[in-house]
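If you scroll down you'll find the structure; I have some questions about it.
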Amino acid sequence: MKKTALFPGSFDPFTKGHEDIVLRSLNLFDEIVIGVGYNSQKVRYIDIKIMKKLIEKTFAKHPQVRVEVYEGLTAKFAEKINAKFLIRGLRNTTDFEYENTIAQANVHVWNEIETVFLITSPHLAYISSSVVRDIHKGGGDVSSFLPYQI
Amino acid sequence: MKKTALFPGSFDPFTKGHEDIVLRSLNLFDEIVIGVGYNSQKVRYIDIKIMKKLIEKTFAKHPQVRVEVYEGLTAKFAEKINAKFLIRGLRNTTDFEYENTIAQANVHVWNEIETVFLITSPHLAYISSSVVRDIHKGGGDVSSFLPYQI
Amino acid sequence: MKKTALFPGSFDPFTKGHEDIVLRSLNLFDEIVIGVGYNSQKVRYIDIKIMKKLIEKTFAKHPQVRVEVYEGLTAKFAEKINAKFLIRGLRNTTDFEYENTIAQANVHVWNEIETVFLITSPHLAYISSSVVRDIHKGGGDVSSFLPYQI
Amino acid sequence: MKKTALFPGSFDPFTKGHEDIVLRSLNLFDEIVIGVGYNSQKVRYIDIKIMKKLIEKTFAKHPQVRVEVYEGLTAKFAEKINAKFLIRGLRNTTDFEYENTIAQANVHVWNEIETVFLITSPHLAYISSSVVRDIHKGGGDVSSFLPYQI
Amino acid sequence: MKKTALFPGSFDPFTKGHEDIVLRSLNLFDEIVIGVGYNSQKVRYIDIKIMKKLIEKTFAKHPQVRVEVYEGLTAKFAEKINAKFLIRGLRNTTDFEYENTIAQANVHVWNEIETVFLITSPHLAYISSSVVRDIHKGGGDVSSFLPYQI
Amino acid sequence: MKKTALFPGSFDPFTKGHEDIVLRSLNLFDEIVIGVGYNSQKVRYIDIKIMKKLIEKTFAKHPQVRVEVYEGLTAKFAEKINAKFLIRGLRNTTDFEYENTIAQANVHVWNEIETVFLITSPHLAYISSSVVRDIHKGGGDVSSFLPYQI
């Protein structure tokens, strides 16, 4: 049976921290769907279509990775694409507490889902999408945080 | 002397996690006031009058429990109703850090108040009001999270 | 029905942090039993009989407080003395994680027990029995950490 | 390529919490080796040969699970049996901090190893081997903590 | 070489907790710049010019302390005023996780910067600007939280 | 006035994580004393005299760094050598909780002492003395963890 995993997030933007998690998950799954969550109530910093293309470009050499935009509950989208695994990166204890709650809630929505966690590589652990946005807004250089050029 | 405790929250909505804390507190206090905090600057997901009635229905068989809506500082409301104890549930370390700060601030506002903590039962610890709202918005079933029907 | 609470610990030694928790619990319970846990496999810094007397002296003016030495499982001792409440102080998140585990385990041993937590007053939160022992061994003055004279 | 994972621990004793992690990992890996770490400097509560048999019995119906005793560095043992994945359960933030450190150290010892984390199911999260030992020593019933009879 | 440190924050308002950190830093640095961050997208509770004057008044007797308003990235402002040290107070583990991330991001923006942390004195650790605002909005007395009169 | 800081620890062994903290502290202090704590009740993995020499060799080019062995309370030793600052590295939240307690206790022993914290550089944060010992005992290569050759 093909093992499909969903790596969900808003990816605003997708960072080298996210790339790290996907690359390390390649050996674990046959197919990885990077799900870019769309939320009509949140203004994005980077347009979701542009982001989708940048992520696709990042994994162009990895045919087992594909990118999809979805709206609504993550666990419902996972069920729809038959992805029985969610991949999540953990950077610190604040992440852990949050992810613990979300993981249980996802099982409630679809009881066949299993969340698999990798710990973000230490040299990338401080790179969050919000840090990247803040530095970019402030005129700082963020190219070393991103796996693609902008 | 009658021991009155205030269980404050926005309860948007009131969950089985909240119910668990109230039920376990019944042996500890003579009277429990569930205080639904009203904040004019926050848009509620569920109307506060409807929520008040649903909570009252939940504890219809427990005459020592009553529900009140309040506005402003929790410790001032506690003083007003002469509730010398606050009840709070702890789910995880993030809760703990937050509650620790609030508990000291409440003593500052009314120095006779004591906050009593219970740890949320493990099978309910992932149920937060915001998780319930997110799942409900996304079309998921939340009936098993709530002690009443909606 | 009389509300009896057990405040268990090794109390080697009993500190002002412990005293703070007991004094703040007096309004909550009719009777508080301070249970000094005896563990034959651990060498105490202060003899358990001497400690029992020092704690008794500390609460001499509070007839609703008594001190007992016990051995074995805390929840079994609570059951034996019919104390349906355990009192525990929380100083920080490390305490929280530990106490969370123990509280659930105690319910397993005696399912009528409820653990009630107070957060240690901030100016006392750094006083642990092991800090007191270390400072005392090192020749430092610990009198301000203890509610009795040694 | 066969995906082999090592689930290492001292398992003194192996609990339902451990069983939960193994069962949930079955879909993820082709083969799971439960590695019971032997440490000549620690006195075990339960003999390692007896524990090995009890774990084997627990997974008798799962031919993709096998049990091995090992000594020395976990990452070296993983390399020896060509298990490129380590499985670890996370119960709380204290676990997270510890596992974060160990995961990086394991990569140092064998740079092909990847640690995969599952969060322990909430109703099992308070069951640790040390809690089981303490309750058993104190004469409490631990049968509901263990996936086998003792 | 003169050691200049920047103590950045929104200081809305500046509290006794902030004062504590500055006073304890005086022995460590030759000059301390309190940088009040201006963010055009956030509505302040207290006007930034008024706050600047109140902080200046607080440290009127300390010529090595000066107050400046800045906009944009903290690390860029530090570079501009040649402050190679940032001072930050830590109150609890939530602060720690946040500050850890920010400290690494600041090094990314200006690689000569070093963040120096002091732990907030326990009796002040619960005083955050947001707690002060909430109590003030609710009509409570906040004078004991502030090092100046308002 | 000369600013002297004490960097205390058991340093069994001194790691690149420790070296990182000392090097980053050089700009902050005029003199740094690395204090190797001797505890007669603990068996060391590496002889304390050998460790002292290895640390001295590590900082041979930094005349403002010197190494001393001490016994007893850290704050008393700091007072004896007139070091008004303690330097400590923080790796994670577990460190933070522990160091928070110790910092307050040190002020109790000598009220002129101030503890200054740096956050360990992320790529070194998982290197603890105990991890180094465990890997070394297990026959792994630890040379990249240490700033000197053994």
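For reference, chains read A, B, C, D, E and F in written order, and residue numbers begin at 1 within each chain.
In this section, contacts are C-beta pairs under 8 Å (C-beta built on N, C-alpha and C of every residue); 3 or more make two chains touch, one makes a residue touch a chain.
Just so it is clear, the structure is predicted and the values come from calculations on it, not from any experiment.
K.L.:
Specify, for the interface formed by the sequence copies subunit D and subunit F, whether it is same or different in terms of residue numbers shared by both sides, with half as the dividing line.
P.N.:
different
K.L.:
Between the options A-B, B-C or A-F, which interface matches C-D on more than half of its contact pairs by residue number?
P.N.:
Of the listed options, the interface copy of C-D is A-B.
K.L.:
Going by average Cα coordinates, which chain is farthest removed from subunit B?
P.N.:
F
K.L.:
Compare the CA centroid of subunit C with every other chain's and tell me the farthest one.
P.N.:
A
K.L.:
Rounded to the nearest whole Å, what is the centre-to-centre distance of subunit E and subunit F, using the mean of the C-alpha atoms as each centre?
P.N.:
That pair's centroid distance is 29 Å.
K.L.:
CA centre of subunit D versus CA centre of subunit E: separation in Å?
P.N.:
Going by mean C-alpha positions, subunit D sits 46 Å from subunit E.
K.L.:
Measuring centre to centre with CA averages, how many angstrom lie between subunit B and subunit E?
P.N.:
34
K.L.:
Between subunit C and subunit E, what is the separation of their C-alpha centroids in Å?
P.N.:
Subunit C and subunit E have C-alpha centres separated by 39 Å.
K.L.:
Residues touching two or more other chains, restricted to subunit E: which are they?
P.N.:
92-94, 97, 100, 103-104, 122, 125-126
K.L.:
For this structure, enumerate the chain pairs that meet the touch criterion.
P.N.:
Chain-chain contacts present: A-B, A-D, A-E, A-F, B-C, B-D, B-E, C-D, C-E, C-F, D-F, E-F.
K.L.:
Along subunit F, where are the residues that touch subunit C in the complex?
P.N.:
It is residues 72-73, 75-76, 93-94, 97-98, 100-105, 108-109 of subunit F that touch subunit C.
K.L.:
Going by the contact rule set out above, which residues of subunit E touch subunit C in the complex?
P.N.:
92-93, 122-123, 125-126
K.L.:
Touching residues of subunit E toward subunit B in the complex: what are they?
P.N.:
Answer in residue numbers: 92-94, 125-126, 128, 131, 134-135, 138-140, 144-145.
K.L.:
Which of the residues in subunit F end up touching subunit E in this complex?
P.N.:
3, 24, 27-28, 84-85, 90, 93, 96-97, 99-100, 103-104, 114-119, 122
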